[in-house]
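Each of the next two complexes has chain A plus one other chain: chain B in the first, chain C in the second.
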Partner chain A sequence: MLKLANVHTFYGNIEALSGINLEVNQGEIVCLIGNNGAGKSTTLMTISGILRPVKGEILFEGESIKNIPPHKIVEKGISQVPEGRRIFPKLTVMENLEMGAFLGKGNFDEMLKRIFTLFPVLKERQNQTGGTLSGGEQQMLAISRALMSSPKLLLLDEPSLGLAPIIVNKIFTTIKEINHEGVTILLVEQNAMAALKLSHRGYVIENGRIAFEGESKFLINNEKVRKAYLGD
Partner chain B sequence: MSLLKPLIISIWFALLFLPFKGLKAALFFLIILLLTLLLFNSLFRYKNIFKDPLQKIFNLFEFNILTPLYESIYLRYVLFAALLVIPFFVKDYVLDVAILSCIYIILALGLNVVVGFAGLLNLGFVAFYAIGAYTYALLNTKLGIGFWSALPFSMLLTTIAGFLLAIPALRLRGDYLAIVTLGFGEIVRLILNNWDTLTKGPNGISGISTPVVFSFTFYKLTHFYYLLLFFVAITIFITKRVHKSRIGRAWIAIREDEIAASTIGINTTMYKLYAFAFGAFWAGLAGSIFAAKMQFVSPESFTFMESVLILCMVILGGSGSISGVIVGAFLLVLLPELLREVQLYRMLALGAGLVILMIFRPRGILGGKSASLRI
Partner chain C sequence: MLLQQLINGITLGSVYALIALGYSMVYGILELINFAHGEIYMLGAYFGIIFFGFLTVLGVTNYSIFLSLILTFLLSIMFCSAYGFTIEKIAYKPLRNSTRLSPLISAIGVSIFLQNYVMLTQGATDKVFPNLFGARGFYFLSIRMTYIQLFIIIVSILIMIFLRLFIRRTKIGKAMRAVAQDKTMASLVGINIDTIISITFIIGSALAAVAGLMVAMYYGLVNYFIGYIAGIKAFTAAVLGGIGSIRGAMVGGLLLGLVESLGGSYISGEYKDAYAFVILIIILLVKPGGLFRKAELEKV
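Presenting the complex of A and B:
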């Protein structure tokens, strides 16, 4: 579904990604783990078009999306939940969701119903402004807003950031549910253990390169991965 | 806490008076002001006592006192009727002020699109006003084209100017954007001031003709008053509709968080371009009317201070709120006129008033709910 081949991305003169090769198949949950500054978020930003790769190719459903602006990429069916949630704090929950449906793809009422079954708490809070929600609720809202554009592929950037473990569990369970409904997911996480448990396959990124890859259950047992990322 | 705010305000005003009237007067003023503010404060606290009986009376007229006055539909009818009959009762001076207010209302509503809806700071808005005014002035004096035929041209030209400014400005944000727009405003003014062969430089262009409708020529203030009332109504109607449309939504998303806006599929570049052009469009209208009314334009009317004044109207009234911006524009035209009596203290009082307003209502007179989509 999504394929990155030898992708190089720069911040000015600094090379943040030096040849990323990555593939996401239809229906999968794929996680991308690694340390701070390894290039996880940069990879996502490059896929969603906010950053442009200098070299390499990005294919989505066989088409190159390398030079397409971000809003066109959303139209093609890739939605990103940005790092730090970035909900609209002064708009109500409902208005946030309406904004998510900006492209007008799919039936609004049906999608709303689906989101309120996934996150009943958002239904209760629909008239509250986004800024008054708790961190977990804001993350739920950010995911819901991204879902409103009926994506085929959902990019999640650190959904567990700054949340209590119990909330993280809840969010990860919902990610699994969203995947069951047919949305392919690429998850970027620092919380390596949780991410590997949730995902089918995983990539470990180090200094802008993929260091390990494989099925998540094997990565969990890989000695080097355990040492470096799982705290053994 | 409740004592702190009045105290700060009184001291602030007293300090402003100090250089003019000396220590004694300043102290006296401080005490008087402090007492007045405290009195108001306590009255404000007990306002709920009056609310119930008042509501009972108003219920008889199906009038809900709890909805803010400016939202009540009755008030709008009354206001509209009052505006229509005003010219029959007032002096020319009052009408002149009303006309000026209307021009500024159109300008402020235009700037509100850029600053209030899309959240882009534009310090050179007066440039579009100038382009609108000069386009009509030149078309009329050089080619003899009438107001109504020239109007579309001058609005089109200002809209294009809006696009042109937006293209380099789009890469910038916040402070940097403000500086570029500021530069644009100065460039336009300097061109008008120095291109002697076309614009007659600082002497300005005179002898511009007034609008004509079916061989009826606008020459009295009353005519201009109704003309402006008509255009203000159109401006309000259209900006309101656009604000509620898809474009308006995109602007709000960009204002609230540009990166988030692009992740939900909004073409941020395009919509920022629209905001600049659409704002400039109204400045073109206001400029053309200004030129037709004054029958004279010169670069002096389009200084940086004008840009600041229009920006003040938007911020003061409540950035993003249409009714707020109208109130802001009206007040900032009216107040200097009312304060003409006190000559020396006029700008002082105005400045101090702005400071107070920003302390009490940092989001503007009618601001606050402006973030929301439903106004």
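Presenting the complex of A and C:
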């Protein structure tokens, strides 16, 4: 479904990605783990078209997307929940969701219903501005907003960051549910254990390169991965 | 006397508010002070004279003044919007990823260019807009109000209500607010940033066109330099309200108009133009964020 081949991206003057190879298949949950500054968010921003690769190829459903603008990439079916959630703070919850549905794909009311079933709290908060929500609620809203564009592939950047464990559980359960409903997921996480437990396959990124890859259950037992990322 | 000056001030203030809205909207989205905006207002006045003259030659004005005015407004709005759109594409868009100072300098360049362009093509002398309503007016609670003043106030209020509804309620308006708050995120939900920026320039220019045309009708005289002083005053109005804030631009414009008109009659008419700058200096010293900074900046 999504394929990155030898992708090089600069972030300012620094080469943040030096040849990323990564693949996501239809229906999968794939996780991308690694330390701070390894290039996880840069990878997602490159896929979404916010950053431009200087070298390499990005294919989505067999089509190159490396040179098309971000809003066209959303139109093709890739949605991102960026790091830090980036809710529009002065728009209401409902307006945030409307912006998620900006491209007008799918039936708005049906999608809204689905989202309010996933996260009932958003229904209660629908007329509040985004900035007044708690961190957990903002994360729910960020995921919902991304879902409003009916994506085929959902990119999630650190959905657990800064949230209480009980909320993290809720978010991860929902990610699984969303995947069951047919949305393919590429998950970036620092919480490696949780990410590997949730995903089918995983990639470990180090200094802008993929250091390990494989099925998540094998990565969990990999000696080096355990040492470096799972705190053994 | 006081009430009379209030009416004059509100008339003037409505015009400042219309121009200030253009400054504020563009600033809200691009964090750029579009110094060429005053020139759009000046162009609006010139287009008004040109098109109204054209319609007079065609005989439309003999048929119906009302229709001619509507056509003049529409044409002037269209041309000014086209100018605003083009200026953004030529002078600002190529500089979007450069330092913050570059587009500002580019804006000053556009402003100087447009002034000279109009001076060369239209001449350096004052042009006259035909006096349609004369000095006719009416008395209301012992205040005299001319029809043109009433017209300016009503049109401005309608435009501001319409603009507010547009930004609050429509999808494009909400997208404009989203872009103002977080451009990257806006593009991640599928909003075409370039389109929203263009729309912002088009709307801002349309408001400036209306303001320019109404001033041409009000004062009757237009020259190539009117955009400069009006632009700076409207900029002051935008800063007074809190630049980037829609409500701020409206309130700031009205306040500035009132200060000028009251100051002009109670302190000294000689210093009419100086009041705006005194206000600008005081605001920058005392409350650099403008009046609406605390009451949550409603950026667009």
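The criterion applied here is as follows: the second predicted complex is superposed on the first by the 231 of 232 C-alpha atoms of A that agree within 3 Å, B and C clash if a C-alpha of one lies under 4 Å from a C-alpha of the other, contacts with A are read in each partner's own complex, and residues count from 1 in each chain.
Just so we're on the same page, a contact is a pair of C-beta atoms (placed from the backbone, for glycine too) under 8 Å apart; a residue touches a chain by one contact, two chains touch by 3 or more.
Everything quoted here is computed from the prediction, not taken from an experiment.
Trainee: Return fit or clash for chain B versus chain C, each positioned on chain A through the superposition.
Mentor: Chain B/chain C on chain A - steric clash.
Trainee: Which partner does A:L103 reach: the first (chain B), the second (chain C), both, or neither?
Mentor: both
Trainee: Which partner does A:Y11 contact after superposing on A: first (chain B), second (chain C), both, neither?
Mentor: Touch status of A:Y11: no partner.
Trainee: From the superposed pair, tell me which chain A residues show up as contacts to chain B and also as contacts to chain C.
Mentor: Looking at chain A, the two contact sets intersect at 48, 50, 69-71, 74-75, 79-80, 82, 86, 88-91, 95, 98-100, 102-103, 145-146, 148-149.
Trainee: Show which residues of chain C lie in contact with chain A when the two form their complex.
Mentor: Against chain A, chain C makes touches at 171, 174-175, 177-178, 181-182, 184-193, 296, 298-299.
Trainee: Would you mind writing out the residues of chain A in touch with chain B in their complex?
Mentor: So the residues of chain A in touch with chain B come to 48, 50, 69-71, 74-75, 79-82, 86-92, 95, 98-100, 102-103, 129, 145-146, 148-149.
Trainee: Which chain B residues qualify as touching chain A in the complex?
Mentor: 246, 249-250, 252-253, 256-257, 259-260, 262-269, 371-373
Trainee: Going by the contact rule set out above, which residues of chain A touch chain C in the complex?
Mentor: 48-50, 69-71, 74-75, 79-80, 82, 86, 88-91, 95, 98-100, 102-103, 145-146, 148-149
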